[in-house]
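Next up: some structures, all given as structure tokens.
Two complexes follow with chain A in common, the first pairing it with chain B and the second with chain C.
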Partner chain A sequence: MVRQGTARQFDKQFIARGSSRCSAPKFLLWIAPWAALLLFGLYSAALCLIKGLNQTNMDNRFAFGLWIFLDLTVIALGAGAFFTGFLLYILKVDELRSVINSAVVIGLVCYSGAVCVLAVDVGQPLRAWFTFWYPNVHSMLTEVTFCISCYLTVLAIEYLPIVLRNRKLRQVPAFLVFEFELHKLIYVLAGVGTFLSFFHQGSLGGLYGVLRGRPFAFREGLAVWPSTFFLFIISAAAVGPSFMLLTTWLVEKISRKRLVRPAVLQLLGRISGSLLAVYVLAKSIDTLVWINRTSPETGFQAWQYYSWKPFGSWILVAEIGLCGLLPALMLLAPKLRRKTGWLVTGAFLACLGVALNRFVLTVQTLALPTLSFDRFMSYTPSWQETGTFLAVVAYGVLVYSFSFRYFQLFPQERELKGEMPKVEEPELVGRY
Partner chain B sequence: MLPWNYGFHWNLGHIIFLGAFYLVLSTLAVTLFAAARRSRRAILDHRVEQIGWHADFHELPPRDRVCRHVLTGEFKSRECPHAFDCRECETHSRLIERHPLKAVEEPEEDLVGMTFPLDRYYHRGHTWARPETDGTVTIGLDDLGSRLLGKPDAIELPQAGAHLEANGTAFRVRKGDADVRVLSPVDGEVVAAGGPDSGWYLKVRPAAAGEAAFRHLLRGAEIKPWLLREMDRLQKALSPSTGAYTMADGGVLVADLTASCPKADWDAVCGEMFLEP
Partner chain C sequence: MTSANKSIRAARYGMTIDVDRCNGCGACMMACAVENNVPPAHEGATDRKGLTWIRVFKVDNGEEYPDRRTAFVPVMCQHCGNETPCVHVCPQQAVDVDPATGVVGEMPQRCLGCRYCMAACPYHARYFNWWDPAWPAGMEKTLNPGVTPRMRGVVEKCNLCHGRWHAAKEAAAAAGKPDTEPVDYTPACAEVCPTAAIHFGDLNDATSVVAMEAGKAESFRLLERLNTQPKIYYRSKRDWVREIAAAPQPGARKEKARG
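And now, the complex of A and B:
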């Protein structure tokens, strides 16, 4: 009993003052299934690393599968970190201060998860340094590797002040002072992060756009950059805030606490909606150019790509209309934005849209036949691939859960604790 | 990446790509190095307390960072730009010059059943500083602070000879779950330590002489509006997160609040009232 009390006291010392968190046993109960999933995923990843890629259902034709889809999606969803940092520290949108810490954690989780999965996908981890030592400077993948590893370093440095601001750790004078001084220079990191993110999001898109041998993905563009380079940047900047909105709402629901003011979520929705509208416009123009010029020039009519089931034309409609235009309108309409249900649905659809886009470019591109002797191929990931994928999800939940418990991810939480939630005035329907 | 690798030939693409890469790496290294160097200098210059307070101050909610002239109604809203150190504030000296504080005739202010003697200066972290005839300054907890902590379980007082900084830690108090640092109202050197029973906690030889040592502290007519606001903050801090806060009209605070409301999160309440987020 005494030992239990001491453990509770010890745990409480690390929790921010005034932030009520669930009891340690309840927290352990929450993390246990995620930890089990992580262990299963680590076992799957270890099999892939030790026995090789024969553990997966990928082959020379289907070289990109679930893992690359995951990488592209989480990197786009994690873009909230760089974009929020850019808006807050460079453009001085001060309202976003209340979500910046959460954005950094989301970014760190997404990027570190992506790098880990890439390491499994590439294999030969002992030779991972080759990519830096003997790079192919003509490859977009080199740009991606360099930018992602540099940006992961930036995120780790940005995460450091959040950790050092922990109630117990800041009692160490060196930590307190270092955190304070590092925070003063945070705008430098925000600038570097924006520069790196801009290029690696673009390079990821560019990877597909330059595939001349895959006319479904091949795009024209500006100088050396295909249009997908720019589309990836805009789409990532658009869904980053949506994913932050979604995670904040989800954490509020799970923890049963008010973490940010509704106005902040609405601002995130407005930013996301505006950029999504720009993206939908750019994507529509790009698709029209591709249908009418790029694709016919490569010897294929666009409709041919959509004759292979299940990848019918519905996928294009879903990507641009249902998960692009619709959420953009939902997030841009002030009346809908004020209602949490609409706001969250809009954000969810936006995130789904970007995931669908990355899926189309990764899986559909490789599934479609391009040569006369080619055939349509389907691909289903092996359990080892799925396990590794789930490990990243579990890792993300665990890191975020620990960060939420012990670090101050939402500075407004304490203020909101003593405030009554605003009751919305009933709207007048009309004169009667 | 490395130009000395076999078969490497420089071209414009290499220069741009590698230049950007090395520039990013060196910016990160310089940023970390600069932060580490500044931190080392701050520790050597004994600025840890000052930095600790600045970090705490910026973590306070905006409503708790208001300028003292908001309390007296001279401003509608204004955030204190000097972390409650009005000694360097030009606005404060200009306002005091224009509208000197009215003299209060009574020897003490009786507010909501609490006594605030007017022979001393008050810090917004609930300490007071009283100049003594021998040139020293006595430091104690004000009536609200004393009622919040009641009879403390443990106190960590600095030893004689220790240096105190205004807005730095004067001493630490533990009561039940609450463990708070109490801010020092003045700069100076500790000459003696007391305790709750003696009515004062520290005697200090101030670093500056005369009025300058107390310019940042509240006095006279400023005390009432400040305390009314503090009572409001206390009610908010004590209110449960799920309901509205209420307090009976005409009631006064009991002598030992912690003992009277054992279920409240006193660590959070004391942190809020003693300005330690």
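And now, the complex of A and C:
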């Protein structure tokens, strides 16, 4: 009993002053299933690393699968980190200060998760350094590797001050000084992060756009960059704030706390909506050029790509209309934005649209035959692939949960605490 | 004198494959596997996860008996000559085009196994080592000492029998021939083909069989409109075969195909 009491006391010392968090046992109850999922995922990943990629359902045709889809998607969703940093530190949109810490954690989780999955996805992970040693400057994947490594380092440095501002860690004077000095660099880091992330998001789009042997994915562009390079940047910048909005709303619901003022969520929605509108316009123009010029020039009529079920033309309508134009309008209309339901639905659809776009580029591109005597192929991930995928989700939830519990992710939380109406809480609600 | 100062007469090695002669026996696949130490299929391998540097596709004209006609199309790396799709995507320069031969080479020792080149190849001619290579007991004695077996987790593909080319270069040097000249050699598939459907040679040499055959009206290349300039030419006097090869997608002509 005494030992349990001491543990709780110890745990409390790390929780930010003025913030209330659920009890340690409740927190443990919340993290237990995620930890179990992470362990299962780590087992799956270990099988792939030890026994080889034969554990997956990828094959010579489906050289990329669930994992690359996951990488492209989480990196787009994690774009809130660089874009919020850019808006706050470079363009001085000060209202975003209340979500910047959360954005950094989301970015770190997304990027580090993607890097871990990439390490499992390559056949010879121990040769990852070859890309730095023998870089092919013409390869989009080289650009991706360099930018993702550098930006992950930037994110880790940006995460450090959040950790060092922890109530207990602040008691160490050296940490305090280090955090203070580190914070001075934040504008430089935001600038570097923005630069790296712009290129990184773009080169991920370029990965497919440069594939002249895959007319479904190939796009014309500007200089060495295909149009997908720019579309990926705009779409990532558009959905990054939406994903932050969704995450903040979700954490508010789960923790039953007000973490930011509604105006901040609405601002995120407005930013996301504006950029999404630009993206929808650019994507529509790009699609028209591709249908009418790029694809026919390579000998392939665009309609033929949509003759393979289930990849019908509905996918294009869903991507541009249902999950592009519609959420853009929802997020841009001030009346709708003021209603949480519309705001959250708009943000969710925007994120879904980008996930669909990444799915189309990853899976549909590889499913379509190029040789006229070849066939259409489908692919279903193995449980080991799915397990590894879920490990990234569990890892993200765990890192975010711990960060939310012990670090000050939402500076407005303390001010809003006084404004919070008293609510009767059911006993077994998972809080963290 | 360093090699940089030498005036090398560049070859452009390529093949012509007479589809009308190919009877789909698969001898080219076997000879290729034996020559290049391609391991036997793992028990878990499927036709989508297997290793073979040549894949023979069976196509037909889509008609019913007695009008049904069949052809076989062996597809290997097409050794693209223009903006080679796999070369510029490899992040660590494990794929290159040899300027002296035009052969698209692969360095498995440098390959990361990212499979980006496989996604880039329109001919689906690149294969990944999903398993550790293994040979039945005793069979390892049959391995070709001139070719390094590849390890698990790397991509491999046809290199027009690089080991044989190397041996031919050594033989030419031993015979005192200048190493600036292309050498004559024959890849295993061309050597073994029982119907002599596969010819190999220097496309830059106008007197070579391949150069002459490649220039004939019945010659065609796969996916020509992608402008990758492959160095593997196919030949057929049958219109429906050429039509299938030029069709924009399966089903555009009413043929059926099996890989």
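In this section, the second predicted complex is superposed on the first by the 418 of 432 C-alpha atoms of A that agree within 3 Å, B and C clash if a C-alpha of one lies under 4 Å from a C-alpha of the other, contacts with A are read in each partner's own complex, and residues count from 1 in each chain.
One rule holds in what follows: a contact is a pair of C-beta atoms (placed from the backbone, for glycine too) under 8 Å apart; a residue touches a chain by one contact, two chains touch by 3 or more.
Only a predicted model underlies this, so the values are computations on that prediction, with no experimental measurement involved.
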>> Clash or fit: chain B against chain C, after overlaying the two structures on chain A?
In response: fit
>> One more residue to check, A:Pro25. First (chain B), second (chain C), both or neither?
In response: neither
> In the superposed arrangement, does A:Tyr134 touch chain B (first), chain C (second), both or neither?
Replying inline: both
> Given the touch rule stated above, what does A:Arg170 touch, chain B (first), chain C (second), both, or neither?
Replying inline: first
> Does chain B (first) or chain C (second) touch A:Gly321, or do both, or does neither?
Replying inline: neither
>> Going by the contact rule set out at the top, does A:Gly312 touch chain B (first), chain C (second), both, or neither?
In response: neither
>> On the A-aligned overlay, A:Phe376 touches which partner chain: chain B = first, chain C = second, or both, or neither?
In response: second
> More residues of chain A are touched by which chain, chain B or chain C?
Replying inline: C
> Touching A:Gly213 in the superposition: chain B (first), chain C (second), both, neither?
Replying inline: second
>> Taking the superposition on A as described, I'd like to know which of chain B and chain C A:Arg17 touches: first, second, both or neither.
In response: first
> Quick one: smallest Cα-Cα gap between chain B and chain C in the superposed arrangement, Å?
Replying inline: 10
>> Using the superposition on chain A as set up above, list the residues of chain A that contact both chain B and chain C.
In response: 133-135, 138
>> For a test of understanding, state which residues of chain A touch chain C in their complex under the given definition.
In response: 52-54, 58-64, 121-124, 127-128, 130-131, 133-136, 138-142, 145, 207, 210-215, 297-301, 304, 307, 365-366, 369-377
>> Under the definition above, what is the set of chain A residues touching chain B in their complex?
In response: 12, 17-18, 20, 132-135, 137-138, 143, 146, 150, 153-154, 157, 165, 170, 173-174, 176-182, 184-185, 188-189, 192, 195-196, 257, 408, 411, 414-415, 417-418, 420
> Which positions of chain C touch chain A when the two form their complex?
Replying inline: 42, 44, 46, 48-50, 57, 59, 73, 75, 83, 85, 88-94, 110-116, 118-124, 126-132, 151-155, 222-226, 228, 244-250, 252-253, 255, 257, 259
> Which residues of chain B touch chain A in their complex?
Replying inline: 1-2, 5, 13-14, 17-18, 21, 24-25, 27-28, 31-32, 34-36, 38-39, 42-43, 47-48, 51-52, 54-55, 59, 61, 63, 177, 236-237, 239, 241, 244-245, 265, 267-268, 271-272, 276-277
